[in-house]
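Next up, some structures in structure tokens.
Same chain, two partners: chain A is paired with chain B first, then with chain C.
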Partner chain A sequence: MAVLSLREKDARFGWKLVLPTVILISLLILYPVFYNIYLSFFEVSISDTPNKFVGLQNYKEILFDSSFWKSFGITILFTLTTVIGSILVGLGVALLMNREFPGRNIVRALILLPYVTPLIAIVFAWKYIFLPIDGPLMQFLANFGMNPGNDFVNNPNNAFWVVSIFNIWRNFPFVYLMLLSRLQSIPSDYYEAAEIDGASDWQKFLYITLPELYFVIASVALLRGIWNFYKFDEVYLMSKFANTLPIYIYEKAFSGIPEQGIAAAIATILFIIMISLIGLYVKKVLKW
Partner chain B sequence: MKKIIVLMLAVLLVTSIFAKITFWTTEVESNRMQRIRALATIFKAQTGIDVEVVPVEENDLLKQIPIAKNAGTLPDVLESGIEPMILLGSQNFLDEDLSTKIINDFGDIYSGAAKLLSNGKDKFYAIPFHAWVQGIWYRKDMFVSQDLGDPITWYNIALAAKVLNNPQKGVYGIILPKKADAYAEQVFTEVALANGARPIDENGNITFNTPEMVEAFRFYKELGKYSKPGFTTVLDALKGYLNGETAMIFYSTYIMDDIAVEEVQKGRINKFNPQLVKNTGFANKMINTRPTSYGQVVALGVTKNANKDEVEKFIKFLMSDKNYVYWVHMAPGGMNPTRKSVAESDAFLDNPVLERYGKAKIAEIIAALDSVERFEFINGKVITDMSKLSANFVIGKAINYMFANDWTPQQTAMWAQKEAEKVLGK
Partner chain C sequence: MVKRKNPLKIFGFWLSIIILVIFITYPFVWMVSVSFRHDTDAFEPGIIPKRPTLDTYAILLGFKKSLREELSNEQQQLLEIIKTLPKEQQEAVLAQIEAQRKKESFPFLRFFRNSLVLAGLSALVSLILSVFGAYAFSRIDFKGRGTIQRGVLIVYLFGGTILAVPLYQIFVKIGLTSSGLSSAFALFVIYIVQTIPVSLYMLGNYFRTIPRSIEEAAIIDGSTRMGVITKIIIPLSLPAIITVYIYAFMIAWNEFLFASIFVRPFPEFYTLPLGLNEIFNSEHAIWAKMMAASVVTAVPVVVMFMMMEKYLTGGLTAGGVKE
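And then the complex of A and B:
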């Protein structure tokens, strides 16, 4: 038996340590990803007849499907709107909460409520306050001459905006939390030095705060971008007719006569687009 | 001998431990689930067969089936309306032989109800379990005070909606479905058939663009003018009617206990109007160019991979004697037996709600089951494509967009035509 060097032993031990993780990731992530890619080449049967191999037919069908491109555009717009929106709101709130004022701790805790309350509860609350005629918000707005019969949540034309505003409102506390923790670790010397140099508040924000927050904002934007690109639950519960891609995939896969091969192909296309975008983003924006 | 008995008992014990069936029901409300679970417990006590009852929302049923298929958790029996059943049957999910056998074994199932589940080849996709009829429920007192005729013809309905609409006083002529769901399609079906309009004709052509259909959308939009604002749904209609917010709603006979029973009504709106039963009328048909009535049969479908013997026992248990009456009494008036012997039995009519409406009214409702019309059936033919349009809410979406975008009836019909062509790949 060959005698192993210390280095080789270390390497083997290292493999033994990571093996459980590798197996788990393979089972839970890699297998579904590859199975999905495999399915995308088939016409998947939901009854007892076997799946039929169709090659690139599913991909061809999607790329020539105007509804897919429409959904794709809506999803990009949804991701941009919600990521930028939640970062702007989160940043504003974090800057405010970074100042000393009485009752700050209570306010800080309250701000987290939209993020920690169960989704289904806040969806119902939103639907209730926006109820036409009987909803409290609509009754309140009626005092200012607005037609209380407006149905903001269920109007299919508003679906996109309702879902976007809801998403920003629900997720800004996450951004706020990340930014606040970074804000608190910026040394106060920087600001004192800037003050001595006669910098205005805006200049301090632009030349100290923003550069210090750059990587946190960039990382949060990446995370929120990925989550919102695939966001299903919030969108579906608020309005099934917002037409984003995850809803489109769900409809294709599970409604009417399910076309799971096509749904798998859409998921594969999205996967490729996302992987490329993330790679580019990490390299150019995060500069890793 | 003793040994054989012991062995038989052991076998019985072992099989009874393992015998299990899964039953999906669309009766998701908690009081209904309680009754169904009670029936499952009695069934287990009698036969040793365990029944797992799973509630599934009707609108989600077709989405759940493929998920369950892939996960290997398809139920043995499922209860749902006709559209999902026909779609599942046409996709080869259902055991037509067993359903046909059970229907024949009973021998007294209303042929009109069974016909709606025919596969067109002398067999049945599923077993008709219970049924309801839809129509306009209206406030007779409001109609009489304004000297309006019963809301049976298009003219009478539109006139009543206009005259009785008084938003300043918080009363609307009607509460009409405007959201893209199954309820909108149900109501529109009655409107369209009263004008001789159908989405798909006998030869499978999509016919949303016919003048009859455009006219049906026009009438629907006209009613929308006198309807409660918002994209109202079935629950808005029910609560609005019980609250006295509207003069008319489209609803099935399921509403009968909500109107008549104090505790049911209080469960919906937190108050009770004892005069409502007396003041409520029901228009069980609609006429414009022809008369029509709309109803729904809820069926029990047996999946192909089911435990057949256990399922047969369970269905026969559910549809016999006091078990059957106990089931249909969970929604008196709404759930009517599809077996003639049970529908005519004293046990079925022995119910506080059914008594208040009277034997004659109940008989009239059940008899209507032999004449209900649906888009899925023309002259004995089954239009399976219609189930695909329903599953994709094509009609509901068309109505939703018509109100949201203020489309003309022509625009709406054209959109529905294109959408239907897309869904059916034509």
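And then the complex of A and C:
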């Protein structure tokens, strides 16, 4: 066997270093994604009996199920609301924090709290403030004529809104972080030049800040869109009545009489929609 | 930028800051406030507790026995009463009391320990694999590097929702869901894979900022690549490595979906999110305890995060985004 050149030796070493990672990801992420598609054509058994091939039956069942379409609509609405909401709040806060003011460091540390605090801890705090009658937020809102007896969290009609506001509250710091670091890199002479030309604050924002932020906003919207479309834990722990698709999948697969074939089919549909939306978005908005 | 001192604008600015701070801290303030109360005072109005107490914390952390445990001489008295019953019936009654007490206990420390072990170990393994992987990505040329790098990033697109059913089926098939320990092991492996992409990305970005010349000098002096990694790269990037570890730890500490799928049948192995959620859904009027548990769950993570915040610049921020 010929002596390996230094370069080849290096390359082999490189492969050895990444091999464990590649194996783990292939086994536990790539393979499951395809296995999921495979399972979606079966009636998946939860006992020892083998799975039964049913062709497109699972898909048919889903597409004629009105509760699927309802959750589908809710999921789209949830994604749109939370992405737009967290970007608006994140942008506003980033603009505020882009100025020097006494106490800025403290406020900056506080802003990260919703994002870094473990989910399970803040979920209970939110449930507490929203409790009907006794919850402090409900009592506070009663001053403005709202009925404190409303149970927002456990009412399927408006659980959606609580979950959306919660998601915006939890995730706007992420948007803020991304936008702030971009804001700080905009050269100040842009603004000075605009001021000499007599631009108003609003015009400066519209013609300098916003265009400079375009790509960060677009990328953040993509990431948040993907994550919120799939979002399970934040929604499920906050309210089981928000009825988004990930919850629908979970309930089908792991509660009552499990119908994992159907769950797999829904996951596949979700996956295909996601991939196509991402493709479209990357082409049209990010123009890659 | 506030050059022109327009009082109205300054007022508006400070008003926005105040509203922002209230918006952020409102739930936290209540969480902390209620955690210093007795369970019975949980809904007493006003943010400052009228009868503040550390009892809930003491009970939670095992420094103090809960009221229920203190009342356990109740058992003695019961034994007296049921003495006349046949032995079998005596045992049945006692078992029932035991079960009742178990249901009402709050095994917070156990959840905490399980989460600590699981998140600590999986983040550690993920970190070790990522240090090597990220080094290969940032320094070594080999065939297929670009493909693998992109592949790892694409993993971002596969949320747990898509993977839940197939992963469950796979682990059932290889028999890893039959006992608590093996289910916990399944979680451990899943957490490693869930955290690797972020870790790889963050570390890779950091390693690229270390000048190559240092390594080249070492290699000329006869060091191996492995020696370079352990003697140069790791010491030089210690802050980044610690940051990445904390990030991976947080992801595993937070995870709920897979924990609820794999260890739900085995209460001995509940993690914090799963355990607290189960307790919350099974009992009532324990708000003070839930809030104290929330505070204790949050504090370690928040403190760690605040300590590493200064390192969260540039590439690290960009990479630290996986949820």
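By our rule, the second predicted complex is superposed on the first by the 254 of 288 C-alpha atoms of A that agree within 3 Å, B and C clash if a C-alpha of one lies under 4 Å from a C-alpha of the other, contacts with A are read in each partner's own complex, and residues count from 1 in each chain.
The rule we apply is simple: a residue touches a chain if its C-beta (ideal position, glycine included) is under 8 Å from a C-beta of that chain, and two chains touch if they have at least 3 such contacts.
Everything quoted here is computed from the prediction, not taken from an experiment.
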Quiz item: Do chain B and chain C fit side by side on chain A after the overlay, or clash?
Solution: clash
Practice problem: Compare chain B and chain C by how many residues of chain A each one touches, and report the one with more. | Solution: C
Practice problem: Examine A:I25 and indicate which partner it touches, taking first as chain B and second as chain C; both and neither are also allowed. | Solution: second
Exercise. Based on the superposed arrangement, let me know which partner A:K287 touches: chain B (first), chain C (second), both, or neither?
Key: neither
Exercise. Answer with first, second, both or neither: which of chain B and chain C does A:Q260 touch in the superposed model?
Key: both
Exercise. Look at A:M274 in the shared chain and tell me whether it touches chain B only, chain C only, both, or neither; answer first, second, both or neither.
Key: second
Quiz prompt | Stretch in clash, chain B with chain C, out of 167-175, 347-355 or 401-409 | solution = 347-355
Quiz item: Overlap of the chain B and chain C footprints on chain A, residue-wise?
Solution: 131, 250, 253-254, 260
Quiz item: If you look only at chain C, which of its residues touch chain A in the complex?
Solution: 1-2, 13, 16-17, 20-21, 23-28, 30-31, 34, 43, 45, 47, 129-130, 132-133, 135-137, 140-145, 148, 151-152, 155-170, 189-190, 192-193, 196-197, 200, 225, 250, 253-257, 260-261, 272-273, 276-277, 280, 287, 290-291, 293-295, 297-298, 301-302, 305-306, 309, 314, 317, 321, 323
Exercise. Using the touch definition up top, name the residues of chain A that touch chain B in the complex.
Key: 46-49, 131-133, 147-151, 154-157, 240-241, 250, 253-258, 260
Exercise. Enumerate the contact residues on chain A facing chain C in the complex.
Key: 7, 10-15, 17-18, 20-22, 24-25, 28-33, 35-36, 39, 44, 92-93, 96, 98-99, 101, 107, 109-114, 116-122, 124-126, 128-129, 131, 134, 136-137, 139, 169, 174, 177-178, 181, 191, 223, 226-227, 229-233, 236-237, 245-246, 249-250, 253-254, 260, 263-264, 267, 270-271, 274-275, 278
Exercise. Using the touch rule from the top, collect the residues of chain B that touch chain A in their complex.
Key: 62-63, 65-67, 69-70, 87, 91-93, 179-180, 228-231, 304, 388, 391-392, 397, 400-401, 404-405, 423
